[in-house]
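Here chain A shows up in two complexes: once beside chain B, once beside chain C.
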Partner chain A sequence: MPNVGIVIVSHSAKIAEGAADMVRQMVGDAVPLAYTGGNASGGLGTDVAAIMAAIDRAWSSAGVAVLVDLGGAETNSEMAIELLGHGRRAGVVVCNAPVVEGAVMAATESSGGSPLDVVKRTAEELSAQ
Partner chain B sequence: MRTMDQNLQRELIMAVATSVIANAEELTSLDQAIGDGDHGINMKRGFEAVLTDIDGLATRPLPDALHAIGMALLMKIGGASGPLYGTLFMTLGKELPASPSTEEVARALAAAIAAIKTRGKSEIGEKTMLDVLAPVQAELAGGGAELAARLRRRAFAAADATTPMKALRGRASFLGDRSIGHMDPGARSSSLMVAAVCDVIGG
Partner chain C sequence: MKEQAMPNSALVASALLTNAVGLHARPSVKLTQLAKSFASHVELALHRDGPWVDAKSPVKIMRVKAPKGAMLYFRARGSDARAAIASLVALVDSRFDEDEHETGERAHG
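Showing the complex of A and B:
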(Lines of atoms letter the chains of each structure in order from A and count residues from 1; the text may use other names and numbers.)
(Lines give C-alpha, C1' and ligand atoms only; values in the text may rest on other atoms or scores of the structure.)
Protein backbone atom coordinates (compact mmCIF):
# COMPACT_ATOMS: atom_id res chain seq x y z
CA MET A 1 0.00 0.00 0.00
CA PRO A 2 1.50 3.38 -0.97
CA ASN A 3 1.63 6.27 1.48
CA VAL A 4 -1.00 9.03 1.66
CA GLY A 5 -0.18 11.99 -0.59
CA ILE A 6 0.16 15.51 0.79
CA VAL A 7 -0.88 18.71 -1.03
CA ILE A 8 0.02 22.17 0.30
CA VAL A 9 -2.17 25.10 -0.80
CA SER A 10 -1.20 28.63 0.23
CA HIS A 11 -2.12 32.10 -1.01
CA SER A 12 1.64 32.60 -1.35
CA ALA A 13 3.76 30.54 -3.76
CA LYS A 14 6.74 31.14 -1.46
CA ILE A 15 4.96 29.77 1.60
CA ALA A 16 3.74 26.74 -0.36
CA GLU A 17 7.25 26.02 -1.63
CA GLY A 18 8.86 26.64 1.76
CA ALA A 19 6.39 24.40 3.56
CA ALA A 20 7.06 21.69 0.97
CA ASP A 21 10.81 22.06 1.61
CA MET A 22 10.17 21.48 5.32
CA VAL A 23 8.11 18.38 4.54
CA ARG A 24 10.85 16.99 2.27
CA GLN A 25 13.46 17.60 4.98
CA MET A 26 11.35 15.48 7.34
CA VAL A 27 10.22 12.62 5.10
CA GLY A 28 12.39 12.77 1.97
CA ASP A 29 10.71 11.05 -0.97
CA ALA A 30 8.69 8.62 1.14
CA VAL A 31 5.47 10.58 0.64
CA PRO A 32 3.88 11.85 -2.60
CA LEU A 33 3.99 15.64 -2.20
CA ALA A 34 2.81 18.60 -4.29
CA TYR A 35 2.25 22.26 -3.57
CA THR A 36 0.65 25.29 -5.18
CA GLY A 37 0.37 28.95 -4.26
CA GLY A 38 -0.84 32.10 -5.93
CA ASN A 39 -3.76 32.97 -8.21
CA ALA A 40 -4.01 32.54 -11.98
CA SER A 41 -2.14 35.86 -12.47
CA GLY A 42 0.70 34.91 -10.15
CA GLY A 43 -0.45 37.23 -7.35
CA LEU A 44 -1.46 36.24 -3.83
CA GLY A 45 -4.47 33.91 -3.95
CA THR A 46 -5.37 30.39 -4.97
CA ASP A 47 -6.19 28.75 -8.28
CA VAL A 48 -8.68 25.88 -8.57
CA ALA A 49 -7.06 24.43 -11.71
CA ALA A 50 -3.61 24.54 -10.09
CA ILE A 51 -4.99 22.83 -6.96
CA MET A 52 -6.50 20.06 -9.12
CA ALA A 53 -3.12 19.64 -10.85
CA ALA A 54 -1.33 19.47 -7.49
CA ILE A 55 -3.75 16.77 -6.31
CA ASP A 56 -2.94 14.84 -9.50
CA ARG A 57 0.81 15.12 -8.83
CA ALA A 58 0.47 13.91 -5.24
CA TRP A 59 -2.12 11.26 -6.17
CA SER A 60 -2.01 8.07 -4.15
CA SER A 61 -4.41 5.15 -3.97
CA ALA A 62 -4.14 5.56 -0.19
CA GLY A 63 -5.67 9.05 -0.50
CA VAL A 64 -4.52 12.65 -0.46
CA ALA A 65 -4.53 15.10 2.48
CA VAL A 66 -4.76 18.80 1.53
CA LEU A 67 -3.32 21.44 3.86
CA VAL A 68 -4.55 25.01 3.33
CA ASP A 69 -3.88 28.44 4.83
CA LEU A 70 -6.74 30.97 4.81
CA GLY A 71 -10.43 30.94 3.76
CA GLY A 72 -10.15 31.15 -0.02
CA ALA A 73 -7.53 28.39 -0.07
CA GLU A 74 -9.96 26.14 1.79
CA THR A 75 -13.00 27.04 -0.34
CA ASN A 76 -11.06 26.70 -3.59
CA SER A 77 -9.60 23.36 -2.44
CA GLU A 78 -13.09 22.04 -1.59
CA MET A 79 -14.23 23.14 -5.05
CA ALA A 80 -11.22 21.48 -6.71
CA ILE A 81 -11.98 18.22 -4.91
CA GLU A 82 -15.61 18.31 -6.10
CA LEU A 83 -14.45 18.85 -9.68
CA LEU A 84 -12.29 15.70 -9.49
CA GLY A 85 -15.46 13.69 -10.09
CA HIS A 86 -17.22 10.87 -8.26
CA GLY A 87 -14.51 8.27 -8.66
CA ARG A 88 -11.71 10.27 -7.03
CA ARG A 89 -13.14 12.89 -4.69
CA ALA A 90 -13.80 10.44 -1.86
CA GLY A 91 -10.04 9.87 -1.55
CA VAL A 92 -9.14 13.52 -0.94
CA VAL A 93 -9.69 15.46 2.30
CA VAL A 94 -8.98 19.01 3.46
CA CYS A 95 -7.36 19.08 6.91
CA ASN A 96 -8.42 21.73 9.39
CA ALA A 97 -4.86 22.50 10.53
CA PRO A 98 -2.20 25.21 10.27
CA VAL A 99 -0.60 24.82 6.85
CA VAL A 100 3.09 24.49 7.75
CA GLU A 101 2.83 22.47 10.96
CA GLY A 102 -0.08 20.47 9.57
CA ALA A 103 1.82 19.53 6.40
CA VAL A 104 4.88 18.35 8.34
CA MET A 105 2.78 16.39 10.87
CA ALA A 106 0.56 14.86 8.19
CA ALA A 107 3.54 13.86 6.05
CA THR A 108 5.35 12.33 9.02
CA GLU A 109 2.25 10.31 9.88
CA SER A 110 1.87 9.28 6.23
CA SER A 111 5.51 8.20 5.99
CA GLY A 112 4.80 5.58 8.67
CA GLY A 113 2.13 4.03 6.47
CA SER A 114 -0.92 5.38 8.34
CA PRO A 115 -4.25 5.53 6.50
CA LEU A 116 -5.84 8.81 5.39
CA ASP A 117 -8.16 9.26 8.39
CA VAL A 118 -5.22 8.91 10.81
CA VAL A 119 -3.09 11.32 8.77
CA LYS A 120 -5.94 13.87 8.85
CA ARG A 121 -6.57 13.40 12.57
CA THR A 122 -2.87 13.84 13.39
CA ALA A 123 -2.69 17.10 11.44
CA GLU A 124 -5.89 18.34 13.06
CA GLU A 125 -4.65 17.64 16.59
CA LEU A 126 -2.65 20.83 16.09
CA SER A 127 -5.89 22.83 15.92
CA ALA A 128 -7.36 21.18 19.01
CA GLN A 129 -4.52 22.22 21.29
CA MET B 1 -40.41 42.92 -18.59
CA ARG B 2 -38.56 41.52 -21.58
CA THR B 3 -38.54 37.81 -22.39
CA MET B 4 -35.27 35.95 -22.77
CA ASP B 5 -33.63 35.78 -26.20
CA GLN B 6 -30.03 35.90 -27.44
CA ASN B 7 -29.95 39.69 -27.57
CA LEU B 8 -31.22 40.03 -24.02
CA GLN B 9 -28.84 37.30 -22.83
CA ARG B 10 -25.89 39.16 -24.37
CA GLU B 11 -27.02 42.47 -22.87
CA LEU B 12 -27.39 40.92 -19.42
CA ILE B 13 -23.94 39.30 -19.44
CA MET B 14 -22.34 42.48 -20.81
CA ALA B 15 -24.12 44.67 -18.24
CA VAL B 16 -23.13 42.54 -15.25
CA ALA B 17 -19.53 42.14 -16.41
CA THR B 18 -18.98 45.79 -17.34
CA SER B 19 -20.53 47.01 -14.09
CA VAL B 20 -18.23 44.84 -11.98
CA ILE B 21 -15.19 45.80 -14.08
CA ALA B 22 -16.07 49.52 -14.01
CA ASN B 23 -16.41 49.45 -10.21
CA ALA B 24 -13.36 47.28 -9.52
CA GLU B 25 -11.46 50.10 -7.81
CA GLU B 26 -14.31 50.76 -5.40
CA LEU B 27 -14.55 47.04 -4.58
CA THR B 28 -10.82 46.89 -3.94
CA SER B 29 -10.98 49.96 -1.75
CA LEU B 30 -13.82 48.43 0.33
CA ASP B 31 -11.80 45.23 0.64
CA GLN B 32 -8.68 47.15 1.69
CA ALA B 33 -10.64 48.44 4.68
CA ILE B 34 -11.71 45.06 6.06
CA GLY B 35 -10.07 42.33 3.95
CA ASP B 36 -7.04 41.54 1.85
CA GLY B 37 -7.73 44.25 -0.70
CA ASP B 38 -8.05 42.08 -3.77
CA HIS B 39 -11.81 41.81 -4.32
CA GLY B 40 -11.93 44.34 -7.15
CA ILE B 41 -8.97 43.03 -9.08
CA ASN B 42 -10.12 39.42 -8.58
CA MET B 43 -13.68 40.13 -9.76
CA LYS B 44 -12.32 42.13 -12.70
CA ARG B 45 -10.09 39.19 -13.71
CA GLY B 46 -13.08 36.84 -13.48
CA PHE B 47 -15.44 38.95 -15.55
CA GLU B 48 -12.78 39.80 -18.12
CA ALA B 49 -12.47 36.03 -18.62
CA VAL B 50 -16.27 35.90 -19.06
CA LEU B 51 -16.15 38.66 -21.70
CA THR B 52 -13.49 36.88 -23.78
CA ASP B 53 -16.22 34.37 -24.70
CA ILE B 54 -19.18 36.76 -24.92
CA ASP B 55 -20.19 35.54 -28.40
CA GLY B 56 -20.26 31.93 -27.25
CA LEU B 57 -22.04 32.77 -24.01
CA ALA B 58 -24.71 34.86 -25.74
CA THR B 59 -25.66 32.11 -28.18
CA ARG B 60 -25.71 29.12 -25.84
CA PRO B 61 -28.93 28.13 -24.03
CA LEU B 62 -29.23 30.18 -20.83
CA PRO B 63 -28.52 27.26 -18.44
CA ASP B 64 -25.31 26.37 -20.33
CA ALA B 65 -24.23 30.00 -20.46
CA LEU B 66 -24.75 30.44 -16.72
CA HIS B 67 -22.79 27.26 -16.00
CA ALA B 68 -19.92 28.46 -18.21
CA ILE B 69 -19.91 31.88 -16.51
CA GLY B 70 -19.76 30.14 -13.13
CA MET B 71 -16.83 27.99 -14.23
CA ALA B 72 -14.96 31.01 -15.62
CA LEU B 73 -15.41 32.91 -12.34
CA LEU B 74 -14.43 29.85 -10.31
CA MET B 75 -11.25 29.33 -12.31
CA LYS B 76 -10.15 32.95 -12.64
CA ILE B 77 -11.14 34.93 -9.54
CA GLY B 78 -8.54 33.29 -7.31
CA GLY B 79 -10.07 34.23 -3.95
CA ALA B 80 -12.98 32.91 -1.90
CA SER B 81 -15.29 34.92 -4.18
CA GLY B 82 -14.43 32.48 -7.00
CA PRO B 83 -16.19 29.46 -5.50
CA LEU B 84 -18.96 31.65 -4.07
CA TYR B 85 -19.86 33.49 -7.28
CA GLY B 86 -19.07 30.32 -9.25
CA THR B 87 -21.64 28.51 -7.11
CA LEU B 88 -24.16 31.33 -7.65
CA PHE B 89 -24.00 31.17 -11.44
CA MET B 90 -23.63 27.39 -11.70
CA THR B 91 -26.65 26.82 -9.44
CA LEU B 92 -28.71 29.30 -11.47
CA GLY B 93 -27.64 27.38 -14.58
CA LYS B 94 -28.72 24.11 -13.02
CA GLU B 95 -32.09 25.42 -11.83
CA LEU B 96 -33.25 27.73 -14.62
CA PRO B 97 -34.98 26.78 -17.89
CA ALA B 98 -33.88 28.50 -21.13
CA SER B 99 -36.59 31.16 -20.89
CA PRO B 100 -37.52 31.53 -17.23
CA SER B 101 -40.46 33.32 -15.65
CA THR B 102 -40.01 35.69 -12.71
CA GLU B 103 -41.22 32.93 -10.38
CA GLU B 104 -38.66 30.50 -11.80
CA VAL B 105 -35.87 33.04 -11.31
CA ALA B 106 -36.98 33.55 -7.70
CA ARG B 107 -36.91 29.79 -7.06
CA ALA B 108 -33.52 29.37 -8.75
CA LEU B 109 -32.06 32.27 -6.74
CA ALA B 110 -33.34 30.66 -3.54
CA ALA B 111 -31.54 27.45 -4.51
CA ALA B 112 -28.37 29.41 -5.31
CA ILE B 113 -28.51 31.17 -1.93
CA ALA B 114 -28.79 27.78 -0.20
CA ALA B 115 -25.79 26.50 -2.18
CA ILE B 116 -23.73 29.60 -1.31
CA LYS B 117 -24.57 29.13 2.38
CA THR B 118 -23.24 25.57 2.20
CA ARG B 119 -20.16 26.54 0.20
CA GLY B 120 -19.26 29.46 2.46
CA LYS B 121 -20.48 27.82 5.70
CA SER B 122 -22.34 31.08 6.23
CA GLU B 123 -25.76 32.42 7.16
CA ILE B 124 -27.72 35.65 6.73
CA GLY B 125 -26.53 38.51 8.95
CA GLU B 126 -22.82 37.69 8.87
CA LYS B 127 -21.88 40.63 6.63
CA THR B 128 -21.55 38.80 3.31
CA MET B 129 -23.00 38.71 -0.21
CA LEU B 130 -25.91 36.70 1.28
CA ASP B 131 -27.11 39.85 3.01
CA VAL B 132 -27.84 41.31 -0.44
CA LEU B 133 -28.95 38.17 -2.29
CA ALA B 134 -31.46 37.05 0.37
CA PRO B 135 -33.50 40.30 0.57
CA VAL B 136 -33.36 40.61 -3.23
CA GLN B 137 -34.71 37.06 -3.53
CA ALA B 138 -37.51 37.86 -1.06
CA GLU B 139 -38.49 40.97 -3.01
CA LEU B 140 -38.38 39.02 -6.29
CA ALA B 141 -40.52 36.21 -4.89
CA GLY B 142 -43.13 38.77 -3.80
CA GLY B 143 -43.49 40.03 -7.40
CA GLY B 144 -45.68 43.06 -8.11
CA ALA B 145 -45.40 46.29 -10.09
CA GLU B 146 -42.15 48.15 -10.87
CA LEU B 147 -40.25 45.05 -9.81
CA ALA B 148 -36.94 45.88 -11.51
CA ALA B 149 -36.77 49.34 -9.94
CA ARG B 150 -37.67 47.96 -6.53
CA LEU B 151 -35.09 45.18 -6.76
CA ARG B 152 -32.42 47.69 -7.69
CA ARG B 153 -33.20 49.88 -4.69
CA ARG B 154 -33.44 46.86 -2.41
CA ALA B 155 -30.02 45.58 -3.52
CA PHE B 156 -28.25 48.88 -2.86
CA ALA B 157 -30.05 49.40 0.46
CA ALA B 158 -29.13 45.87 1.52
CA ALA B 159 -25.46 46.44 0.67
CA ASP B 160 -25.54 49.68 2.69
CA ALA B 161 -27.12 47.76 5.56
CA THR B 162 -23.99 45.59 5.86
CA THR B 163 -22.02 48.66 7.02
CA PRO B 164 -23.05 48.49 10.70
CA MET B 165 -22.79 44.68 10.77
CA LYS B 166 -19.93 42.81 12.41
CA ALA B 167 -18.22 40.39 10.01
CA LEU B 168 -18.46 36.74 11.07
CA ARG B 169 -17.00 35.11 7.92
CA GLY B 170 -13.88 35.55 5.83
CA ARG B 171 -10.87 37.77 6.43
CA ALA B 172 -13.06 40.60 7.72
CA SER B 173 -14.03 38.42 10.69
CA PHE B 174 -10.39 38.60 11.90
CA LEU B 175 -11.02 42.30 12.58
CA GLY B 176 -13.92 41.61 14.96
CA ASP B 177 -15.58 44.87 16.01
CA ARG B 178 -13.26 46.83 13.73
CA SER B 179 -15.20 45.43 10.74
CA ILE B 180 -18.17 47.54 11.90
CA GLY B 181 -18.60 50.76 9.92
CA HIS B 182 -17.44 49.42 6.55
CA MET B 183 -19.62 48.08 3.74
CA ASP B 184 -18.95 44.44 2.87
CA PRO B 185 -17.19 44.23 -0.53
CA GLY B 186 -19.03 41.03 -1.53
CA ALA B 187 -22.37 42.60 -0.65
CA ARG B 188 -21.41 45.59 -2.79
CA SER B 189 -20.39 43.45 -5.78
CA SER B 190 -23.62 41.45 -5.48
CA SER B 191 -25.67 44.65 -5.43
CA LEU B 192 -23.87 45.90 -8.56
CA MET B 193 -24.76 42.68 -10.39
CA VAL B 194 -28.42 42.82 -9.33
CA ALA B 195 -28.63 46.48 -10.36
CA ALA B 196 -27.03 45.73 -13.75
CA VAL B 197 -29.61 42.99 -14.42
CA CYS B 198 -32.45 45.32 -13.32
CA ASP B 199 -31.22 48.12 -15.59
CA VAL B 200 -31.44 45.78 -18.60
CA ILE B 201 -34.73 44.01 -17.87
CA GLY B 202 -36.53 47.04 -16.49
CA GLY B 203 -35.24 49.58 -19.05
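Showing the complex of A and C:
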Protein backbone atom coordinates (compact mmCIF):
# COMPACT_ATOMS: atom_id res chain seq x y z
CA MET A 1 0.00 0.00 0.00
CA PRO A 2 1.52 3.36 -1.00
CA ASN A 3 1.61 6.29 1.41
CA VAL A 4 -1.07 8.97 1.51
CA GLY A 5 -0.22 12.00 -0.65
CA ILE A 6 0.01 15.52 0.79
CA VAL A 7 -1.01 18.70 -1.04
CA ILE A 8 -0.21 22.17 0.32
CA VAL A 9 -2.41 25.06 -0.83
CA SER A 10 -1.59 28.59 0.25
CA HIS A 11 -2.49 32.05 -1.00
CA SER A 12 1.24 32.64 -1.19
CA ALA A 13 3.50 30.66 -3.53
CA LYS A 14 6.39 31.27 -1.14
CA ILE A 15 4.52 29.86 1.85
CA ALA A 16 3.43 26.82 -0.15
CA GLU A 17 6.99 26.19 -1.33
CA GLY A 18 8.46 26.82 2.12
CA ALA A 19 6.00 24.50 3.82
CA ALA A 20 6.82 21.81 1.25
CA ASP A 21 10.54 22.33 1.96
CA MET A 22 9.89 21.74 5.65
CA VAL A 23 8.02 18.52 4.91
CA ARG A 24 10.80 17.24 2.64
CA GLN A 25 13.56 18.10 5.11
CA MET A 26 11.80 16.89 8.24
CA VAL A 27 9.87 13.91 6.96
CA GLY A 28 11.78 12.80 3.88
CA ASP A 29 10.86 11.54 0.43
CA ALA A 30 8.60 8.60 1.30
CA VAL A 31 5.45 10.69 0.92
CA PRO A 32 3.99 11.98 -2.37
CA LEU A 33 3.98 15.76 -1.98
CA ALA A 34 2.85 18.70 -4.11
CA TYR A 35 2.17 22.34 -3.45
CA THR A 36 0.56 25.31 -5.10
CA GLY A 37 0.20 28.95 -4.14
CA GLY A 38 -0.90 32.15 -5.77
CA ASN A 39 -3.58 32.85 -8.35
CA ALA A 40 -3.33 32.35 -12.12
CA SER A 41 -1.77 35.79 -12.62
CA GLY A 42 0.93 35.21 -10.03
CA GLY A 43 -0.58 37.31 -7.23
CA LEU A 44 -1.79 36.22 -3.82
CA GLY A 45 -4.67 33.79 -4.10
CA THR A 46 -5.47 30.25 -5.10
CA ASP A 47 -6.38 28.68 -8.41
CA VAL A 48 -8.71 25.72 -8.87
CA ALA A 49 -6.88 24.35 -11.91
CA ALA A 50 -3.55 24.63 -10.15
CA ILE A 51 -4.94 22.82 -7.09
CA MET A 52 -6.26 20.02 -9.32
CA ALA A 53 -2.83 19.73 -10.91
CA ALA A 54 -1.20 19.57 -7.47
CA ILE A 55 -3.59 16.79 -6.42
CA ASP A 56 -2.60 14.94 -9.60
CA ARG A 57 1.10 15.27 -8.78
CA ALA A 58 0.61 13.98 -5.24
CA TRP A 59 -1.89 11.33 -6.26
CA SER A 60 -1.85 8.10 -4.33
CA SER A 61 -4.21 5.16 -4.30
CA ALA A 62 -4.10 5.50 -0.49
CA GLY A 63 -5.66 8.96 -0.84
CA VAL A 64 -4.58 12.58 -0.68
CA ALA A 65 -4.74 14.99 2.30
CA VAL A 66 -4.97 18.69 1.40
CA LEU A 67 -3.68 21.38 3.79
CA VAL A 68 -4.97 24.91 3.20
CA ASP A 69 -4.47 28.33 4.73
CA LEU A 70 -7.30 30.88 4.52
CA GLY A 71 -10.91 30.84 3.27
CA GLY A 72 -10.44 30.89 -0.50
CA ALA A 73 -7.83 28.17 -0.33
CA GLU A 74 -10.38 25.93 1.33
CA THR A 75 -13.32 26.70 -0.96
CA ASN A 76 -11.16 26.44 -4.09
CA SER A 77 -9.71 23.16 -2.83
CA GLU A 78 -13.21 21.82 -2.26
CA MET A 79 -14.14 22.89 -5.78
CA ALA A 80 -11.02 21.25 -7.19
CA ILE A 81 -11.92 18.02 -5.38
CA GLU A 82 -15.47 18.23 -6.70
CA LEU A 83 -14.12 18.57 -10.24
CA LEU A 84 -11.96 15.47 -9.89
CA GLY A 85 -15.07 13.44 -10.62
CA HIS A 86 -16.73 10.50 -9.01
CA GLY A 87 -13.90 7.98 -9.12
CA ARG A 88 -11.25 10.04 -7.34
CA ARG A 89 -13.20 12.54 -5.28
CA ALA A 90 -13.70 10.17 -2.37
CA GLY A 91 -9.96 9.72 -1.97
CA VAL A 92 -9.19 13.39 -1.26
CA VAL A 93 -9.88 15.25 1.98
CA VAL A 94 -9.25 18.80 3.19
CA CYS A 95 -7.77 18.86 6.69
CA ASN A 96 -8.93 21.41 9.25
CA ALA A 97 -5.42 22.26 10.44
CA PRO A 98 -2.80 25.02 10.22
CA VAL A 99 -1.11 24.69 6.86
CA VAL A 100 2.56 24.44 7.85
CA GLU A 101 2.28 22.38 11.03
CA GLY A 102 -0.55 20.33 9.57
CA ALA A 103 1.50 19.46 6.49
CA VAL A 104 4.45 18.26 8.60
CA MET A 105 2.22 16.25 10.94
CA ALA A 106 0.15 14.75 8.14
CA ALA A 107 3.27 13.81 6.22
CA THR A 108 4.86 12.27 9.32
CA GLU A 109 1.76 10.17 9.86
CA SER A 110 1.66 9.22 6.18
CA SER A 111 5.33 8.25 6.16
CA GLY A 112 4.52 5.52 8.67
CA GLY A 113 1.99 4.02 6.30
CA SER A 114 -1.14 5.24 8.09
CA PRO A 115 -4.45 5.38 6.18
CA LEU A 116 -6.05 8.65 5.07
CA ASP A 117 -8.43 9.02 8.01
CA VAL A 118 -5.56 8.67 10.50
CA VAL A 119 -3.43 11.14 8.54
CA LYS A 120 -6.29 13.65 8.61
CA ARG A 121 -6.93 13.07 12.32
CA THR A 122 -3.28 13.63 13.19
CA ALA A 123 -3.17 16.94 11.31
CA GLU A 124 -6.39 18.04 12.99
CA GLU A 125 -5.14 16.97 16.41
CA LEU A 126 -3.01 20.12 16.34
CA SER A 127 -6.07 22.30 16.79
CA ALA A 128 -7.66 20.14 19.49
CA GLN A 129 -5.57 21.17 22.47
CA MET B 1 -3.09 6.55 33.45
CA LYS B 2 -3.30 2.86 32.81
CA GLU B 3 -0.02 1.38 34.00
CA GLN B 4 -1.88 -1.20 35.99
CA ALA B 5 -3.71 -2.29 32.88
CA MET B 6 -0.46 -2.96 31.07
CA PRO B 7 0.56 -6.60 31.22
CA ASN B 8 3.82 -7.41 32.97
CA SER B 9 5.40 -8.14 29.61
CA ALA B 10 5.73 -4.42 28.86
CA LEU B 11 9.40 -3.44 28.49
CA VAL B 12 10.74 -0.16 29.81
CA ALA B 13 14.07 1.51 29.08
CA SER B 14 15.42 5.01 29.37
CA ALA B 15 17.86 7.27 27.57
CA LEU B 16 19.25 10.69 28.35
CA LEU B 17 18.32 13.38 25.86
CA THR B 18 21.58 15.12 25.04
CA ASN B 19 21.01 16.91 21.75
CA ALA B 20 21.06 20.66 22.11
CA VAL B 21 17.58 21.42 20.86
CA GLY B 22 15.85 18.81 22.99
CA LEU B 23 12.88 16.91 21.63
CA HIS B 24 11.81 19.59 19.18
CA ALA B 25 10.17 19.30 15.80
CA ARG B 26 12.74 17.44 13.77
CA PRO B 27 13.78 14.90 16.42
CA SER B 28 10.11 14.34 17.24
CA VAL B 29 9.41 13.45 13.63
CA LYS B 30 12.33 11.02 13.57
CA LEU B 31 11.24 9.41 16.81
CA THR B 32 7.65 8.86 15.69
CA GLN B 33 8.74 7.57 12.31
CA LEU B 34 10.99 5.02 14.00
CA ALA B 35 8.29 4.06 16.51
CA LYS B 36 5.85 3.54 13.66
CA SER B 37 8.18 1.04 12.03
CA PHE B 38 7.39 -1.43 14.84
CA ALA B 39 4.17 -3.32 15.37
CA SER B 40 4.36 -3.00 19.14
CA HIS B 41 2.47 -0.45 21.18
CA VAL B 42 5.20 2.07 22.06
CA GLU B 43 4.96 4.90 24.56
CA LEU B 44 7.19 7.65 25.88
CA ALA B 45 7.30 9.48 29.22
CA LEU B 46 9.55 11.90 31.05
CA HIS B 47 9.14 9.93 34.28
CA ARG B 48 9.17 6.25 34.99
CA ASP B 49 5.64 6.42 36.35
CA GLY B 50 4.30 8.40 33.41
CA PRO B 51 2.19 10.03 32.14
CA TRP B 52 2.82 7.97 29.01
CA VAL B 53 2.07 9.24 25.53
CA ASP B 54 1.82 7.33 22.25
CA ALA B 55 5.31 7.39 20.71
CA LYS B 56 3.76 6.98 17.26
CA SER B 57 1.87 10.27 17.48
CA PRO B 58 3.96 13.20 16.18
CA VAL B 59 1.58 15.74 17.73
CA LYS B 60 1.71 14.14 21.18
CA ILE B 61 5.48 13.67 21.10
CA MET B 62 6.05 17.28 20.12
CA ARG B 63 3.80 18.41 22.97
CA VAL B 64 6.03 16.63 25.48
CA LYS B 65 8.58 19.42 24.82
CA ALA B 66 11.35 17.45 26.43
CA PRO B 67 14.38 19.70 26.96
CA LYS B 68 18.06 18.80 26.71
CA GLY B 69 19.05 16.82 29.78
CA ALA B 70 15.65 15.16 30.17
CA MET B 71 15.45 11.43 30.73
CA LEU B 72 13.22 9.77 28.16
CA TYR B 73 11.48 6.57 29.18
CA PHE B 74 10.22 4.19 26.53
CA ARG B 75 7.69 1.50 27.18
CA ALA B 76 6.74 -1.11 24.60
CA ARG B 77 4.43 -4.06 24.50
CA GLY B 78 4.15 -6.46 21.59
CA SER B 79 5.96 -8.97 19.42
CA ASP B 80 8.85 -6.65 18.56
CA ALA B 81 8.89 -4.66 21.81
CA ARG B 82 12.52 -5.46 22.53
CA ALA B 83 13.70 -4.28 19.11
CA ALA B 84 11.52 -1.17 19.33
CA ILE B 85 12.96 -0.17 22.70
CA ALA B 86 16.53 -0.85 21.58
CA SER B 87 16.10 1.19 18.40
CA LEU B 88 14.51 4.15 20.15
CA VAL B 89 17.19 4.24 22.84
CA ALA B 90 19.84 4.04 20.11
CA LEU B 91 18.21 6.95 18.28
CA VAL B 92 18.33 9.13 21.40
CA ASP B 93 21.88 8.03 22.19
CA SER B 94 22.96 9.00 18.68
CA ARG B 95 21.43 12.45 19.21
CA PHE B 96 18.96 11.69 16.44
CA ASP B 97 21.80 11.62 13.91
CA GLU B 98 21.64 15.37 13.74
CA ASP B 99 24.61 17.54 12.96
CA GLU B 100 24.96 18.90 16.46
CA HIS B 101 27.01 21.93 15.51
CA GLU B 102 24.59 23.05 12.83
CA THR B 103 21.35 22.28 14.65
CA GLY B 104 22.61 23.55 17.98
CA GLU B 105 23.32 26.98 16.60
CA ARG B 106 20.05 27.39 14.80
CA ALA B 107 16.96 28.55 16.55
CA HIS B 108 14.76 26.02 14.78
CA GLY B 109 12.38 23.54 16.11
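Assume the second predicted complex is superposed on the first by the 129 of 129 C-alpha atoms of A that agree within 3 Å, B and C clash if a C-alpha of one lies under 4 Å from a C-alpha of the other, contacts with A are read in each partner's own complex, and residues count from 1 in each chain.
Going forward, a contact is a pair of C-beta atoms (placed from the backbone, for glycine too) under 8 Å apart; a residue touches a chain by one contact, two chains touch by 3 or more.
All figures in this text were calculated on a predicted structure; none of them were measured in a lab.
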Discussion item. Looking at A:72 after the superposition, I want to know if it touches chain B, chain C, both of them or none. Which is it: first, second, both, neither?
Written reply: first
Worksheet item: If you stack the two complexes on chain A, which partner ends up touching A:84: first (chain B), second (chain C), both, or neither?
Response: neither
Worksheet item: Of the partners chain B and chain C, which touch A:122 in the superposed model: first, second, both, neither?
Response: second
Item to complete: Considering only touches as defined above, state whether A:13 meets chain B (first), chain C (second), both or neither.
Response: neither
Worksheet item: Is A:109 touching the first partner chain B, the second partner chain C, both, or neither of them?
Response: second
Worksheet item: Thinking of the overlay built on chain A, is A:45 touched by chain B (first), by chain C (second), by both, or by neither?
Response: first
Response to the item:
Residues on chain A touched by both chain B and chain C none
Worksheet item: Which positions of chain B touch chain A when the two form their complex?
Response: 36, 38, 41-42, 45, 74-84, 86, 119-120, 169-171
Worksheet, complete the sentence: chain A partner, complex, touching residues on chain C are 25-26, 29, 32-33, 36-37, 56-60
Response to the item:
Touching chain B in the complex, chain A uses residues 39-41, 43-49, 70-72, 75-76, 78-79
Worksheet item: Where on chain A is chain C touching in the complex?
Response: 25-28, 104-105, 108-109, 111-114, 122, 125-126
